[in-house]
Amino acid sequence: MSEKIRVAVLGADGRMGTAVCEAVAGAADLELVARMGPGDDPGVLTPADADVAVDFTTPAATEANVHALLDAGLDVVVGTSGWTADAVERVRAHVEARPLAQGVLIAPNFALSAVLTMRFARQAAAYFESAEIIELHHPDKADAPSGTATATAQAMGAARAAAGLDAMPDATTTALDGARGADVAGVPVHSVRLRGLVAHQEVLLGNPGEQLTIRTDSFDRASFMPGVLLAVRRIGSRPGLTVGLEALLDL
Amino acid sequence: MSEKIRVAVLGADGRMGTAVCEAVAGAADLELVARMGPGDDPGVLTPADADVAVDFTTPAATEANVHALLDAGLDVVVGTSGWTADAVERVRAHVEARPLAQGVLIAPNFALSAVLTMRFARQAAAYFESAEIIELHHPDKADAPSGTATATAQAMGAARAAAGLDAMPDATTTALDGARGADVAGVPVHSVRLRGLVAHQEVLLGNPGEQLTIRTDSFDRASFMPGVLLAVRRIGSRPGLTVGLEALLDL
Amino acid sequence: MSEKIRVAVLGADGRMGTAVCEAVAGAADLELVARMGPGDDPGVLTPADADVAVDFTTPAATEANVHALLDAGLDVVVGTSGWTADAVERVRAHVEARPLAQGVLIAPNFALSAVLTMRFARQAAAYFESAEIIELHHPDKADAPSGTATATAQAMGAARAAAGLDAMPDATTTALDGARGADVAGVPVHSVRLRGLVAHQEVLLGNPGEQLTIRTDSFDRASFMPGVLLAVRRIGSRPGLTVGLEALLDL
Amino acid sequence: MSEKIRVAVLGADGRMGTAVCEAVAGAADLELVARMGPGDDPGVLTPADADVAVDFTTPAATEANVHALLDAGLDVVVGTSGWTADAVERVRAHVEARPLAQGVLIAPNFALSAVLTMRFARQAAAYFESAEIIELHHPDKADAPSGTATATAQAMGAARAAAGLDAMPDATTTALDGARGADVAGVPVHSVRLRGLVAHQEVLLGNPGEQLTIRTDSFDRASFMPGVLLAVRRIGSRPGLTVGLEALLDL
């Protein structure tokens, strides 16, 4: 008999947490067993109550939550941002020291289109002479380029270097300041800020006579839900620490 | 009886001139009556031979050609680049002083998609909070942004100012150099240089909840030919000097 | 002294009406003077209270509302759908018979990007050999193609016919059913239904060596608000009946 | 010392063959040792002369060429179309029976952007509710959809089936014939034919709140050359028969 996976949600009263609760409640193979808010202690959960906990809380709370959930014997899916490298390593040490084969996923982005865009861009980067990134967001965003665009450019630059590619061709001799974008690991990145948009990224790759374009559009935080549910379903069979949703995909 | 328009081509041995000769020869309502090279004197043409001359020669030769053609009594379509404002005004004075109702068109760009993109972008500019331009070219191009993108941005900036629009919303506080593009008349312009591309421009306009995109792709110099033929057909009914193909379109 | 335009909203409790009330209340030059629901009689309004009424009610109620608002002496902006040609003509007769110079706008679509896309597509249609439309919507939509795509194709087909263009080139001899889209006035229309999308339309125009693309993206009903506010501001200076927002734009 | 790979080209006087000769001659690590036309016998080649032969001849000649080249002891890269499944199997049997570790690649498409688009589309297909394909070509093309689009749709449909996905959501109840495209393995495919275009394909994938787009643009037969050179460089280390360029990429 196939039993439902029992899911606890931490940060259940936040915008993301509310959406996760709805998505879990709406999935036939999942059961929402706990909605926990800021005052609730995740340490009260046990494997008798829940299989997986999803944390969409705050940067200040998330690390302590994860350690408490590991001690409680649960698998954990973390979508909260603000993790330092040190904090990640503390979780790795903890989960590897646990007697049970528990799994923890820490992921900065659960939108499948964004995760796949980064992967495909990194894989394709070695096969094209030229590559640039255009990221487009709403005009209330404070940073440019976006974190996702920066990470994508760094991964592409590393892939180009590993493949021994030359610098990209660029005969520009006269340019206005800023016209050719920001240089991130040798990949030009252009940031558009336009009223009406949400979060979008386009990766352009060019060879003689051809172009490959990979684009992700995120219109709504609903875009995280298929990735969160996939993580909830798969983290139980991936013991240890996993960083990034990509590793849970069969690619 | 509808007679064919008789066309002389100056610069007939150049890349553009060759393509114009082929396009004229292939049009049922046009007749190619002269292919003139660098050593040929346009002053030998008369209204008994030709109705319209098309000049795709060189910046050094084009102004003298136009004056000679006016003296010869022909209408003139000019696609050669490098015209200064003074040279344009000398042609205006000349054509207005002619006893015949002759027409001269001087146009920097005959690609209909590019001409219409500039027009539509200028018209739409007053109706959107945000506007940015992305231009994309082959990596052998020396200047960034392209002349077309700069002209488009200036026209859009002027339209926004005339409509009394505020500066565009942009909450960027932390940015890498160049990420937000070049500022041309208040419109951010981003220049992509990618192997495989030819000449492309995308105008993005945004309001709450909506986006308008106008894009021109030029893959080949063939893109100039429909505009050149249109100019050849219409310049006879537009006496005086016309600058830019747009004025010959019924819009 | 510049006084605020006083605005009454009918259907103020509906989704569109609520958004209109917020947009009017947030505009410095407008004043929201009445929110009217299904039980409220628009006949109680007078020019002493309001300048313009905006109707986003129901197909069953809107015609009676407009006649009552005309009798009350107001200008009217109508966004409710379901108007028959006969009902439109009854409003035209009524407004033209009024002693005051009142204006009525009936518009099927207030999204500026959609209105401009239709206009630009119609204008460009005469200048390109090939033209096709791709419209993309959420998968809960019942009809294909969309009403906007059908109207755009009809306008483009009429423009091509008026310009004497030949049928589009198409050498297809072997095709799967449906591959080449639906034929609307000679223009192929392709309907995509994709989870995650809202309402999008792309008009593609092609000539030798070049392409022009005009695209509208509507992400949210907020996209109607700039057009509604523009109509509220301009209908007072456009007496009589106007059908379609385009006529209120300075193009 | 790193020696150059010596390359013979069959069909060297054809359009593709001419381009391959130029590309090989222009690559620092390759040496063009033979240009063979229709009257030339590939059986005269030996491992003393050449390492790899590239065949861009005709459907009538290609199979015999490959067998002759295998007997001659060379590796073979085949870009000629028209291979039946039986002909492919005869090559497989032959190459596996050879005493040397020779390699043969038969590939329908060498454009890296097209090959990667097919791979990424197949990989992503399992992770999205909705998927559709738009392919766009010049209007002289006889078949719709294109072979690449059909192959992509079949691969995506198979990936969806293997992942146990439901049919795509589609509430269409009223549609014009053709509006919703052709059904290929459950994936709607739309074929645009537009003057000015060459060969383009866009794969659209949608989930709640997000979209992933993968697009390949082929502007020119130059787009095949990076893939041909990559195959020439790698076929020597991949003994046996390989079908499709994808298998030679490190992905």
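We just call them A, B, C and D in the order they show up, numbering each chain from 1.
Criterion: a residue touches a chain if its C-beta (ideal position, glycine included) is under 8 Å from a C-beta of that chain, and two chains touch if they have at least 3 such contacts.
It should be emphasised that the depicted structure is a prediction, and the values quoted were computed from it without experimental measurement.
Asks: Report which of C-D and B-C is connected by more C-beta pairs in contact.
Replies: C-D
Asks: What chain lies farthest away from chain A once each centre is taken as the mean of the Cα atoms?
Replies: B
Asks: Roughly how many whole angstrom separate the Cα centroids of chain B and chain D?
Replies: 39
Asks: Mind checking the centre-to-centre distance between chain C and chain D? Centres are C-alpha means, answer in whole Å.
Replies: Computed value for the inter-centroid distance: 46 Å.
Asks: Using mean CA coordinates as chain centres, what's the gap between chain B and chain C in Å?
Replies: Those two chain centres are 33 Å apart.
Asks: By residue number and range, which residues of chain B touch two or more other chains?
Replies: 128-129, 196-197, 205, 207-211, 217, 219, 223 - these are the residues of chain B that touch more than one other chain.
Asks: Quick check on the complex: what are the chain C residues that touch chain A?
Replies: 196-198, 217, 219, 223
Asks: What does chain C use to touch chain D in their complex?
Replies: 128-132, 134, 136, 139-145, 168-184, 188-197, 204-211
Asks: How about chain A: which of its residues touch chain D in the complex?
Replies: Counting only chain A, the residues touching chain D are 111-114, 116-117, 120, 123-124, 126-129, 205, 207-226, 230, 249-251.
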